[in-house]
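Below, each structure is written out as structure tokens.
Here come two complexes built around chain A, the first alongside chain B, the second alongside chain C.
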Partner chain A sequence: MSDQSSGMRPANYGIRKMYQALANLIFAVVTVSLLAVAQADSPEQAATDGTVGLDEQVQALKKEVMDLNRDLFILEEELLFPANTQVAVFVSMDVGEFFALDSVQVKVDDKEVANYLYTEHETEALHRGGVHKIFTSNLRSGEHEIVAFFTGVGPHGRDYRRGASVKFEKGIGAKFLELTISDKAAKAQPEFVVREWE
Partner chain B sequence: MANRLKSVLIVAVLCTGTAIGAADSGVDAPNFALKALDGKNHRLSEYRGEVVLLNFWASWCGTCRSQLSGLQEFHQRYHEAGLTILGINIDEHDHDAVDLAGGLEFPILRDTRHDVSELYDLKRLPLTVLIDRDGVVRHVYDGKDARSSDAYLADLRELLRE
Partner chain C sequence: MYRLFRKSILGMTAALALAVVAPAHAEPGPVEDLHYGEVLFYFYSEDYFSAIVHLLAADESQRLSRSETESQVLLGGLYLSYGLHDEADRIFHSVLDEAADPGVRDRAWFFLAKIWYQRGYLDEALAALDRIGNELPGEFEQERHMLGAQVLMRAGRYEEALARLQDWDDKSDWSEFARYNIGVALARSGRGDEAQDILGRVGRMRARNDEMLALRDKANLALGYMLLQQEQPGLAKEALQRVRLEGPFSNSALLGVGWADSAEGDFQRALVPWMELRDRSVAEPAVQESLLAIPYAMGKLDAGTQSARHYQFAIDAFSEEMGYLDVAIDRVRNGLLIEDLLAANEDDRRGWFWQLETLPDKREVRYLHHMLANHEFQEALKNYRDLEFLATNLSNWSESISAFEDMLATRREAYAERLPRIEEALDDVDIGAIDAARLQLEGEVARVTDQRDVLGLADGGELRQWQELDAAARRLELLPDSPDVKALRDKQRILAGHLYWQLNHQYPARSWETRKSVRSLNRIVRQAMQRHHRVQAAREAVPQQLAEFEGRIAAISPRIDALRGRLAALLDAEQEHVEMLAVRELSLQQNRLQTYLVQARFALAAIYDRYAEVSP
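Take a look at the complex of A and B:
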């Protein structure tokens, strides 16, 4: 999935929008029902007690909708990227002074699958320990090769572009790969590593 | 004679702008990330909570060039009120955008591969898209509807008041 200027419209965009619309519809219908029930009460009960009770009900409903949204998201992931073919690639950073990340390009079996521009906020989040899922897809079983290119500003403020690659065996079960950028103080250079999660 | 008149009418219809582009109003604005002339990367979704004005332009488009000063005024007047203007330049070379972007204080993003232009179904320049604080496209102006930046001032102010 390419991000740089191609927009975030993966194949599951339509499905996710459908699920969101369904969740919103359920929320709207139940909210209207609750309001109708509240209005059926006597005028005396419509004062503070009724209002507080309705707020609690709405909050509980919101939580249920959020839980539903989360469950739908997990279901969507399981349907679109079943564990037996799923491959996911993550980016993490542990750098201080040797590298300012600008973008990461990922190729699997010599085909570009991701090209992500990192903003200042996103880079900051990576510095703080965040991990970014840059790519998710399905691959058949067998040997594959992943190559990642990191572009940014290296030591002494110079433009920097480095690659790292690894061959991996895709078997039964999901495969997770991590692209790690870290300082190598001994060489005063950043280090780029691709590794598999066990 | 009738055929010639018919041809003229067809050409006239094709040359007129339309008020609504393919980035239809009421839909979530397609997200994207582009690099600006100053080297910083900008992602549209990070401006959620602000009113965003996207303006697609090119150095060879006279109407586009004449609007830039108006957009700069909008930026100065409404930036504090929550307006973010993102100029999206589609020229082939950076220097064409740099020559005209001097004095502009809002980001000029470079859509060199025209991926974002395709995402927003750019057909005529200039194309201006107004996005509300929830990331929803509310107004689209292209062609003759976008001749002057004042054409969408009223809509812009309404979004800022929301």
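Take a look at the complex of A and C:
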């Protein structure tokens, strides 16, 4: 046994050293990785290998692209939908406990102009106070009619489809219409209203 | 496919950061500002890019009815969400003093403190935290405590961090994470006894969910290896045995238990956890190490033949793994890693909070688990993904710009074609003369109504009758008196009187009708004049508008092209960086395997040498 042990000494010696090294390594890896998980972003980590330089370049470029998008967005809107003919339709939700929205269909002057299916994420965004622009177009000045159909699940989990309409006068300036889904608490029913904005 | 489980405090923090401005608008109610609401729609849909662009555009077009401060705080929150820390920092810093609402100000100070901390500005982070006046809403308050401790800890002020946590009477998960952090930090700074106490407490906590179970395992693992380093195998084993048998840390724990047993000289017992590891994935470092530890223990137990067989097994396994690593490095260098990772995590959400959730079932991914969860890699991949999105965005705009140019050319042609007809139509209409006639008519009606001129409202037939009766009266006046003439004069008077009576009787109705017609005429003429004016204005404005649009397009096109060029270069650099990180990690594993391979071969050769020596 002793012979065999002495015969294996170099290997065992190496493994002992390796054991110590690995124990140190594993402890370091475990603690570093756990620190990385448990703590928020660490500048020491972020600073490695020139990441900061690259990250700063990415941040600067993102900002420039967003500023460019702002200018392009305004240019596009002014070009495609001049203020004197612009009509935009928005969807909003006030409480909305009696109605789970699936989709909204919009008709202007008896012509379908939008049919939007909402994702769960988007419905949640509406619930939290977000407003969705569902349609933008150009209309001549004069009287027009908008009809909106709301499809979803109503009280008692039943399929629900209701419409709301309004005649509106399109003047010289941009016209904004808001389709609001709200609750009629007294009747425990949803309510759909079209509201005009100037 | 399988899920990468990594719900960390970083993730929780990020999710909370989403609400930097949300509490102020969380209550549902009637919409006050459509354009601000549209920004919130994108914000809550986690489409930060669109939210920022819409907010910037609405602000530029002066469409927001919200206060500048409120919009700026939202913009700061959006920039933070999208990973633009510098911009968020700049905005928060500039609006904090103006923010009248203490809630908004406190939240902004809180997020500013987070940014300072992330950037390593620890004194500034503490100063910002100290400026928070009231208790923050929800979990922000717990995170504030945690952040305070983290800042102190990173500054090396462990006593203060500990004191801050000890004073914090919190039973939430946050305090456990904080204790764990401090325990690890103390261990790394050589304060073993204190670390042992803190890590031991976390390691014995009652875990309520998966995150806490994982944290408890991590604490026990860290404690176990620390105690192994301190040559306290008995205590180390106790800690390591508290790690769950099935879990992300079980391999390292089993390995450690074996080392603890071997440190106590019980190699037979050490073989039990190591043999358990032998059947697990060789890609795991703990399994690789166990393949060397097993024959080492067998050697200690005088089982030379078995030891040699296991060394050979280890050599074969390491060689095979090195081959796989070669293939994995090739795949990474060919761009397949990024492709696979992004394909497995396709969703539209972008920004700072995005992280890998699903890993592709590819061989190279097995070797990269640790690195994939690493902050630096996640950030680099996130940047790459964002840059790809921006490249697509600019490409789409580039196409749109071409369409805009075509649209303007079409409008210019249509205008040139219509202009002669418009000019002809304008020349044919003397709108001034029409308006003058209208004015004259309006004046005449006013005179008739002022004077109650009943004849003024007679129609053509009645007026003719009246004129004929008038002429007849004049002629009858010239005739000598006679019974016949007298009879005719009477008849004329009766007819004239009847006609006048009729006109007088109908006067009120006719007057009302006439005034109504005049009003209607006024309206029609006014509309005609407005249209005439608009057409005239458009005739002059259209060329100017077209020229202005052409100028804007001409100015914006080079910006798109320049940014696309820079973006492409940065995308290449980011891809190179991501691949470098992966290759570096794989190479480290290759080097480790190479070391193990050499160790195993050397040990095996030593055994053969020994047998050769003792053989006759």
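Keep this in mind: the second predicted complex is superposed on the first by the 134 of 198 C-alpha atoms of A that agree within 3 Å, B and C clash if a C-alpha of one lies under 4 Å from a C-alpha of the other, contacts with A are read in each partner's own complex, and residues count from 1 in each chain.
As a working rule, a residue touches a chain if its C-beta (ideal position, glycine included) is under 8 Å from a C-beta of that chain, and two chains touch if they have at least 3 such contacts.
Fair warning: this is a prediction, and the values are worked out from it, not measured in the lab.
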item: Larger contact residue set on chain A - chain B or chain C; value: C
item: Touching partner for A:Val131 - first (chain B), second (chain C), both, neither; value: second
item: Chain B versus chain C as contact partner of A:Trp197, first or second or both or neither; value: second
item: Chain B versus chain C as contact partner of A:Val95, first or second or both or neither; value: second
item: First, second, both or neither for A:His121, with chain B first and chain C second; value: both
item: Footprint overlap on chain A, where chain B in one structure and chain C in the other make contact; value: 3-5, 7-8, 121-122
item: In the complex, chain A residues that touch chain B; value: 3-9, 102-103, 116-122
item: Chain A partner contacts - residues on chain C that touch it in the complex; value: 6, 8-10, 13, 22, 25-31, 34, 37-38, 40-46, 49, 52-54, 56-57, 60-61, 82-87, 114, 117-120, 147, 150, 154, 177, 180-181, 184-185, 187-188, 215, 218, 221-222, 225-226, 228-229, 249, 252, 255-256, 259, 285-286, 289, 292-293, 296, 299-300, 302, 304, 307, 370, 373-376, 379-380, 383, 386-387, 390, 393-394, 397, 400-401, 404, 407-408, 549, 552-553, 556, 559-560, 563, 566-567, 570, 573-574, 577, 580-581, 595, 599, 602-603, 606-607, 609-610, 613-614
item: Interface residues, chain A side, partner chain C - complex; value: 1, 3-5, 7-8, 10-12, 14-15, 18-19, 22-24, 26-27, 29-31, 33-46, 48-49, 51, 54-59, 61-79, 90, 92-96, 121-122, 124-133, 176, 178, 180, 197
item: Of chain B, residues touching chain A in the complex; value: 30-35, 40-43, 45-46, 111-113, 115-116, 119
